[in-house]
Amino acid sequence: MNDVDRRTFLRLAGLGLGAVGLSACAGTGSSGPSGASGKKVETLTFWSNHPGSSKPVEMQLIEAFQATSPGFTVQLVDAGATYEELAQKFNAALTGGELPDLIVASDVTWFNFALTKAITPMDDLWDAAKLDTDAYVDSLREDYKFEGKHYALPYARSTPLFYYNKAKWSAAGLPARGPETWTEFAEWAPKLAATGGGAPPMTVPDGRNYLDWYFHGMIWAFGGNYSKEWEPTFTSEKSVAAGQFLQDQFRQKHIAISNDANNQFGAGQAASLLQSTGSLRGLTKTAQFEIGTAFLPGPRPACPTGGAGLAIPDRISDERKEAALKFIAFATNTDNTVTFTQATGYVPVRKDALDDPDTQAFLTQNPNSRTALEQLKETAPQDYARVFVPGGAARIGAGLDQITAGGEDVKTVFQGLSDETLKVYKRDIEPNL
Amino acid sequence: MTTTAARPAVAPRQTPGDAAAPHQSSRPRVRISGYLALLLVVLLVALPMYWIVLSSLKERPDIYTVPVGWIPDPLTFDNYTSVGGGVAFTDYLRNSVIITTALTLIQVTLGVLSAFALAFLRFPGRTVVLLVILAALMVPNQITVISNYALVAQLGWRNSFAGLIIPLAGVAFGTFLMRNHFLSLPTEIIEAAEMDGAGPLKMLWKVVLPMSWPALIAFTLITIVNEWNQYLWPLLMADDASVAPLPVGLTQLQNNEGLTNWGPVMAGTVVTMLPILVIFLLLQRHMIKGLTAGAIKG
Amino acid sequence: MSAEPITAAPLAVPPVPPAAPTARSGHRLRDVLVATAFLLPNLALLAVFTYRPLLDNIRLSFHSWNIASPTATFIGWENYVEWFTSSDSRTVLWNTVVFTGVAVIGSMALGLALALLLDQKLFGRNAVRSMVFAPFVLAGAAVGVAFQFVFDPTFGLVQDLLGRVGVESPAFYQDRGWALFMVTVTYIWKNLGYTFVIYLAALQARRAELDEAAEMDGASAWTRFRMVTWPQLRPATFFLLITVLLNSFQVFDVIHTMTRGGPLGNGTTTMVYQIYEETFVNQRAGYGATVATIMFLVLLVVTLAQVFVMERGRKQ
């Protein structure tokens, strides 16, 4: 196998059109190499997609940072409307543009950057900066661990949450709490269906809107997994049982799969919803009824983490890395975590932010936010098959669509997921480990 | 549905001698079915448009209701305030105007020159050149962006107007359009001009262009529309409000996780669309008028 | 190139280069020089920013390349073998053919019907003309967003209208067939203004006296359309066939915003969408480049065939 350096390769491609002088320098790249540059860093470039409409609060954090570090400016770049667009822009920059100093990377996008060494492992930087990383919520910090190193710090983090319509709950004569287990949900569902006026007992987003994330909790609750490390476990008895349960509930019209589950629930057209904690504020504003929240049905723990962290590109100078980490540490210090959390609805990424009096006052006023925080202790990092194997989320989402809307056999579909996951792992991951 | 409804339109009887209005219907039955068809068209085309505008004027909880609310109640302009309220809105608008204007000028000029060469000049490999230009329309931009990014970054044009404009300035579609149009011009006039010994530039200015306004306006309009709505390339190229155009600037209205607040997004859509619609309204009269005149002359 | 390279009014147009204008052999050298000056800037831009990436892309298609990685590995024809043997490709190809076919025929037929209607002296036709064109002005992503509302089975316009006559909304976002229908209709709606404007321009440039003569002869409306109007619209039809096909084949925004290629994984995944997904979601830029190369070749063949067929038709 010939390994071709891609820049050489692009340059050669350019020369293919030798008549055009310009193209000869295509893609030779200008990103600074790693290592010390000896230059003083005065400007940091921060690529964000402003998760949770957070641009104003990001600006606020930046201003505060600039005030504490005179001479420093942080340039906030609108790097896309979604995590995927941001990743696309970063991928483009990796071909030879100027790299930013820090980027927002989602649960699904960060790993490939770590695998290809496009973002830097942070552990040494942490040590050098004497950052107390134990202060971060353990499961959120450990999400970014790969081969013993950490590649990001948690920033706009969320988890799935069980939302319910209190009015529909009491109309069905149910206690004002979420179901403790999926079995209990199955018992409650007929009552909700009977009194719901056509609204399904539960709605969840479809396979193109991260059903695979919401089902993650369900498959764990049944004792199954998408994978154990790199080994797919879709076909284990317990995993199949979870898929079977989802299919049965869908067929009995207890669970609806929706292209816009959020708004369906928000408009009172479904009795309950599985959705990100990040939607809490929006739903509360939209809904004309009282919303209750609960842990994902168990037996617990059955809740994956999600959302985004902040990562630092690898191919920038050490000085820039240090400066970038300094900003990340500032943006996620106790005060700023509290500010960011309250402005966006994301969960606090630090343990001490939970005890902060400001947070406590906020939680007293917003008991639904409290549920999200308490559930945080029950969360675990996601299975590799979803977040590390390329295309994993979309692949599993499609499989779940197939067993619900598509009505296909669970065992067959899960066997297909297992085979495909293994194939992709062997082809795209294993050679790079 | 529109197809059947429009069928009667084929049937109009023309009033002999009314050269200015050659297609006037006179039979009442035909006219009435014509109007019914018109109504149907309005409904099919306009309802989704109304939907967009409607959502932009609603308060957040009213956007999603069952049954559907056909009238905004209460009517609110808050969504527009949140679009315009962003500090950089006027910057984005200015950038959009600069980029679109520059690209339109360059593309129309290059397109007309290329088309003129392909239509009127004799040189070896003419057909090949035409096919090469046409084939550029078959290259999806998903595959050009990465390679072009590397080149533009190397040239130091990132986050600059040059980087946003030059890579998009080559024109394939317009060349094809204008060339086809030029070939439709009456050969007698072209030949007469040549007999008079007019050079290529003079012929272009004095003979060809004056006969080509409608096509040129159509070309211009379509170029404006395309460039105004560019998203992927500016997203990759631009970093801040100094050069980013409206579609990139307005992405911040979207929420990533969970619930997108559609009101401001729709308001952003309307605001982005309006300037182009106004340009169309201004130009379409000339286009139609020019076309009609051309038909009579031709 | 432009996200949507597209569109405009071909008026009354002979489709293929006719024999070069007469009596000019004396100016040949001057012609060559002038043509070079006129064509060079445009060709240079296309060479650098379209063809150079295309060549890159063709080379990449023989490599395995994780888009974030600095190195690519040469793997020969493996990507091509994979594409041609994968069952996924059959679905993608089918989606592409259905979407493109229906979009081309649908938007051209409707555009022609509308142009015929609005060519009539009807009160308010100017306003309606603008209205028909308006959707074309919208960005594809905006149209996609708006039509998510339109087709939403819970809140949408379509379910509301169907509900009034007692029909339940189809599962637009869950059924492959309906999803493909939904994105196709949406694209036709957006593109209608383009075919309409081109046909309207061609209609206005046609020779009314032929139509009148036919009417004097007592020909029926249908006969007049078939024998007199339609032949005069041939150049416009040819122009539209080529440009609408090239555009429809490359529709991305509408699909991305409405279904992201779903449901059931690839329900509305077309070749362009597959390129995007393989390159940027699955990070397999080499494989994405393979799909892009295949797509380019398909389009090249189809367009050349169109040119060839129309040229023969013109000669007869």
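A, B and C are the chain letters, set down in written order, and residue numbers restart from 1 in every chain.
As a working rule, a contact is a pair of C-beta atoms (placed from the backbone, for glycine too) under 8 Å apart; a residue touches a chain by one contact, two chains touch by 3 or more.
As the structure is a computational prediction, the values presented were derived from the model and not from experiment.
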Counting C-beta pairs in contact, pick out the pair of chains that comes out on top.
-> B-C
If we define chain centres by averaging CA atoms, which chain lands farthest from chain C? Would you check?
-> A
Between chain B and chain C, tell me the centre distance in angstrom, where each centre is the average of that chain's C-alpha atoms.
-> 15
Please report how many Å separate the Cα centroid of chain A from that of chain B, as a whole number.
-> 38
Taking each chain's mean CA coordinate, chain A and chain C are separated, in whole Å, by 36
Two or more partner chains touched - positions in chain C | 48, 51-52, 56, 67, 154-155
By residue number and range, which residues of chain B touch two or more other chains?
-> 64-66, 145-147, 151
Junction residues of chain A - those touching two or more other chains | 7, 10, 13-14, 22-23, 26, 88, 91, 263-264, 267, 269
So in the complex, which bits of chain A are touching chain B?
-> 7, 10, 13-14, 22-23, 25-30, 45, 49-53, 55, 75, 77-83, 85, 88-89, 91-93, 95-98, 156, 158, 262-264, 266-269, 275-276, 278-279, 282-283, 285-288, 307
Which residues of chain B touch chain A in the complex?
-> 60-61, 63-66, 145-147, 149-151, 153-156, 158, 235-236, 239-240, 244, 248-249, 251-259, 261
In the complex with chain A, residue positions of chain C that touch it | 44, 47-48, 51-52, 55-56, 59, 63, 65-75, 148, 152-155, 171-175, 259-266, 277, 280-284
Can you list the residues on chain B that touch chain C in the complex?
-> 2-3, 5-7, 9-14, 16, 19, 21-25, 31, 34-35, 37-38, 41-42, 44-49, 51-52, 55, 64-68, 110-111, 113-114, 116-124, 126-127, 129-148, 151, 166-177, 180-181, 183-184, 187, 190-191, 194, 200, 214-215, 218-219, 221-222, 225-227, 229-233, 247, 262, 265-266, 269, 272-273, 276-277, 280-281, 284-285, 287-288, 291-292, 294-295, 298
Touch list for chain A against partner chain C, complex = 1-7, 9-10, 12-14, 16-17, 19-20, 22-23, 26, 84, 87-88, 90-91, 94, 112-113, 115-116, 118, 206-208, 257-260, 263-264, 267, 269, 390-391, 394-395, 397-399, 401-402, 405-406, 424, 428, 432
